[in-house]
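Following this line, the structures themselves.
Heads up, the next two complexes both have chain A, just with different partners, chain B and then chain C.
And then the complex of A and B:
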């Protein structure tokens, strides 16, 4: 009875899988926020290194991982794939549940899979500092970890509410030498504008992105980095899906169901794209690929598929994606990493086209799942990750009813060691289940001007 | 130094222990049934915990104040009113409250039930905050602390934070005692007082609120619902009582009655303070219609408390799906379960098990609907 399926270091993927090469119809292009015209690489050159811009638009199916990047990834990769024997037993399900555990990375999540290559390409391009935003702090700490390995400075704009509520992520960034600033701040015009209107604002990811983008655009030695959503970020995350496929093959399995939680869409993309590619190519047509989102921020199940900005100030390009509107500030659920109004354009398109699907859950049922998982598999997972665990448990319970022995794979994107206050709230019965008042919101938007290209 | 007006309704709660619902005009009956005055005991429980705090009390002589202060070992007080001993009455409460207002107390701390709260509110309005030590038979008003100990904690926390209380709006609900004794709960919203409270925030188990202070939460709700109303000018909106609904009208630049139901259509005020008949007539002429109501009182009642105008017939005509419930996160923190009591059990059931409650800008919470009988917070 094998529990942990491990690969040798030399079995770590040498190239990322670029699903753009296998899409039956091309992605709708990102649009320039000023002109509304499709972006050209030069538009992005002010804030991204050219290597990443080329990856963003590349038609190549496999893109080599630079050996310097591989060297760093080997600190924790290949990550283990676990068979959840104890969880299966507890659920009395005939299903086989596997989870890819990304919490073994130094910052504790899947985020460094892209932070490392992003820092590397910026270093190569002669950039001295990277500015970014972070919600609950997972991304900020991952980029802090990656930049110091390549001798870059790092400035992290952290959503103010989390800055005070999640102090230890901020401490980690400090250990890794990054500067962490509560957002909105007076460092930027966009931050100052928000503060002037509302000095008490708790901030939001959308505001923090505006600040980081502005910081990068106004300093020539500084670039911007985004921890999710964009094509190149999804690309870098495919190491998880590629490894999982290898690992499952060693035990003669191929997943019937692939699951990931979705904030901006990168860990879900990472675990699912290699399998979605098989589905597109026709080698495995029936794989059920499920993105899991919070009911309080349900862009995939209740949002619209349209062009929208990635940030509050409207500084980013317009992306065709599922969105709740760039001015939507999601309620303060504990899964801070899932509080984003939009979703990766590739994930969005594949969901829109029916290749993948989406489900949503309330946070109290998600924490129930986290507790079940911790009490069977031992790992205390992040609130974000718990969304995926909840969906995996539900799928396994469906198998129990139908008697099918499906193989279920989910991305266990991170541990929850810095989220213990969320568990405290759960045990104090203080978790609030939010509802997205879809109809009312649509009515309230009726009087607003349309965004260009929508 | 704090100046607190202290007041006890010595007969409050006597009816409850002997199966009477309320004590107004029932004291003799209650005594005959063997009831003991216990408001005094409860007030002592609170006061004992306030010993040593920088507080000076103004009070009545005798059982309405001084006796109790003495029993609790409190020395720093001043008697400012002498009621007739033996037969204390609502008039005495009102009279001493007038003195409290003149002397500009920081807070009126009282021990009693809904009736006492109503009498005090009728003098204080929302100019001076009030806090109740629960001792009555019915306590549907939101000015009461959960227990006598909690009342003391609220005041102590005000003392330690340099004399600053967190104040919030608290409904004073007036229950028709005659009807209540007949087994029917008929109530109306009497007014909205200011009451101190402690934000239930302890490090580690922090509640994450949409917005940290209640005024801000109200204005967020107001902004959202006003945008919905602007986006649907063809819909007739009936805005219920309370300060949260008032925030919507304020956003729209409309003058709303605080305690009544007002009608708005196309961002214009159509009519104010509607009774049931006027409401029915207006809805009939103006379909579709929507009802915007907030959660009232300390027990989380939705419809049926202070909203008698909204009869089952009105609700049926509007349709349950057209009811928009609003409440601040702070209010919901205390009323995690809401109770629907429309007066029609079938209709009550149609509400289901959960209801979305708009609690912020484009944010709603999923709130459980309680199915038990409306609970009373204390002994009854």
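And then the complex of A and C:
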């Protein structure tokens, strides 16, 4: 009874899959926040290296992974694909449940799949330091790891509330040589301005983004890096879907259902794009591709598909995406990585076009799923990942009713070793299932930006 | 450039290696603490299942791993063997450094290698609950994981100081359905007695052992389980050495140096016994096998080889081993898993007979090694594991001087995700390098037990 499907190192993908090449109609372009005109590469050159800007807009279907990047990815890739025999048995389902386990990376999630190439292209471009923001610390620690291996410095602006309450991701960054600064800080004008108004502010991801972008824009040796949303980030994550397809093929399987949780959208993009591509090309028309979001931050199921900013202050390009409004502040659920107001433009378009769909869950049912998963498959998964596990369990239970032996694949995107306080809250019955914040969403959507010049 | 050497699931060892079969002279027997006579199986039957008691004394060279145990081990085994290319490059050494990575198990260390078969044999014997003790929680969480998968209840007596200061291992136990009780507790007579004397006591491993043994001895449905020291525990850990030998053979290598850290001795036994067996049989006479201990708990380098108790209260059998005296309390270093006064009788005999040797390090140089390892190989390892990494680095640096291209293997026994506060102390320059506690050791050795009836 095979449990894990492993690939040898030489079976690791040599190229990323760029779904832009297979979209039936082109993506609506990102717009300059000042002029409202479509962005040109030069608009981004101040904070990104040209190789990444080209990937952001590339029409090429397969984009080679540099060998120096492959050398680092091999520290944990190809990652294992598991058949969840014990979970299936517990659910008494005829479904075959598979999960791709990304928690084996040193920082413990899928994030280094893009942190490594981003660090590499910046190093190649002669950049000496990268600035970024992080919420709970998952992305910041992944970038600290990646920059360390390519000899770059790294500055992480970490939302002050998390910096204080969840200090151990900060400790990881320090082990990997990065500088981690509570945001807002006096390092930047934007941070100082916020502190002047409210010295006790807990900070927010929107403020931290502003600080990191300002840091990059004002230092010639420094670039900015983003851990999700953008096309090139989704591109880098496709190693998970490409490997999964290869691994499933060794046991003559192809998924009927593909599932991932969605915060900014890169983890979901990674597992799903190679299968969505097959669907677009018509070779597998019936694959059910499901993005899972928290009920308290329901951009896909309750938001609108329109142009909006990526940050609170409105400094980023305008992106066409599902959004709850760029100044929507979601309730404080434990799945911090899913608390973002928007979704990657490619994910958004594919959901809008009906190629993929979305579901949402409340956090207590998500933690129930995490407990079931830990007690059958053994692995303690992150709250974000638990959203995907919950959807996989629900699909498997539908199979139990219908008698169908569907093949279900989900992206098990990270372990929960730095989230144990969330499990403590679960067992103390302190988890709050926030209602859909209808009024907040309505108000926030009323403040959607007008496109300049339109 | 190959980074990881993986084995397929069907290459996982089907039998454990029992080095008792290859010892040139037999092990001195454990003695009954009351009579001073060699133990007979019946002496242990009140708290251990007969299959484990038989393994403890078996003369058989290879002992089959039950298929139900293999099914669980396959959740993470065979574990990867890494070639530390980046570390070698950083050290500029001609040595080949390999590490066996046990941090991929769900609880994050080598401990479940024995927790799983122990839970299985107890389940087969009709036992419904297992009681055990844990210090920092590594063993308690491994047994919680294993008992959950075999449908047993689990009660863990956790040293109160750790229960309060490092709460997240306790949280893991809860996720896996175990009951975790701060020790001393009012559940047992021995715990109550300690609390009556000192209600504010931080507890100790010695007290927690007494509570778990008493719990098992006073409940007919309950057995006791130990995470190191005993022969059957060392036996179960040999999967790591057996796999490593197989993995090295795929690249035509055999280690010149084998290294593991030593607390109770099972992790070191696991990686080293298959190679020590070759040394005893004369096929590889020159292998240098090194146990690494903390300078503040130097039983191998400053203790004596004699009969002593396994616990503070003197309730366990007398074991012939290297010891600092059963009531020696080591300074509070961060490598909690290495703070034990004795060493497994088999490890002790092999070190005493010159088949293996021991070295010791202070904790600040050990954390330097952990940082070097994290910044080259990417993995943040546990403080215990870092002792082995430090010794591997030192051996590789010797090779740099001598120009020898030795093959060095070490057991990378666990990740440090639950030890980040120790790294914080390291960066805050708060780590204390305790002197050898000469006076404490001398006093404690003066209290070594007399063998009853001798």
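Simple rule for what comes next: the second predicted complex is superposed on the first by the 439 of 454 C-alpha atoms of A that agree within 3 Å, B and C clash if a C-alpha of one lies under 4 Å from a C-alpha of the other, contacts with A are read in each partner's own complex, and residues count from 1 in each chain.
The rule we apply is simple: a contact is a pair of C-beta atoms (placed from the backbone, for glycine too) under 8 Å apart; a residue touches a chain by one contact, two chains touch by 3 or more.
All values derive from a computational prediction rather than experimental measurement.
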Could you look at A:445 and tell me whether it touches chain B, chain C, both or neither (first, second, both, neither)?
-> first
Partner chain in contact with A:189 - chain B first, chain C second, else both or neither | neither
Is A:371 in contact with chain B, with chain C, with both, or with neither (first, second, both, neither)?
-> second
Could you tell me if A:89 is touching chain B, chain C, both of them or neither one (first, second, both, neither)?
-> neither
First, second, both or neither for A:331, with chain B first and chain C second = first
Dominant toucher of chain A (residue count), chain B or chain C = C
Now for A:424: first (chain B), second (chain C), both, or neither, which partner does it touch?
-> both
Should A:37 be classified as contacting the first partner (chain B), the second (chain C), both, or neither?
-> neither
Return first, second, both or neither, reflecting whether A:1 touches chain B, chain C, both chains, or no partner chain.
-> second
Overlap of chain B and chain C contacts on chain A, residues 421, 424
Residues of chain B touching chain A in their complex?
-> 204-213, 216, 224-225, 227-228, 230-232, 324, 329, 332, 336, 356, 358, 360-366
Touching chain B in the complex, chain A uses residues 161, 165, 200, 202, 295-296, 328-329, 331-334, 362, 421, 424-425, 428-430, 432-437, 440-441, 443-447
Tell me, which parts of chain C touch chain A in their complex?
-> 1-4, 6, 8-9, 71-72, 74-75, 82, 86, 104, 106, 108, 145, 148-149, 167-168, 171-172, 174-177, 370-371, 374-375, 377-380, 417-418, 420-421, 423-424, 427
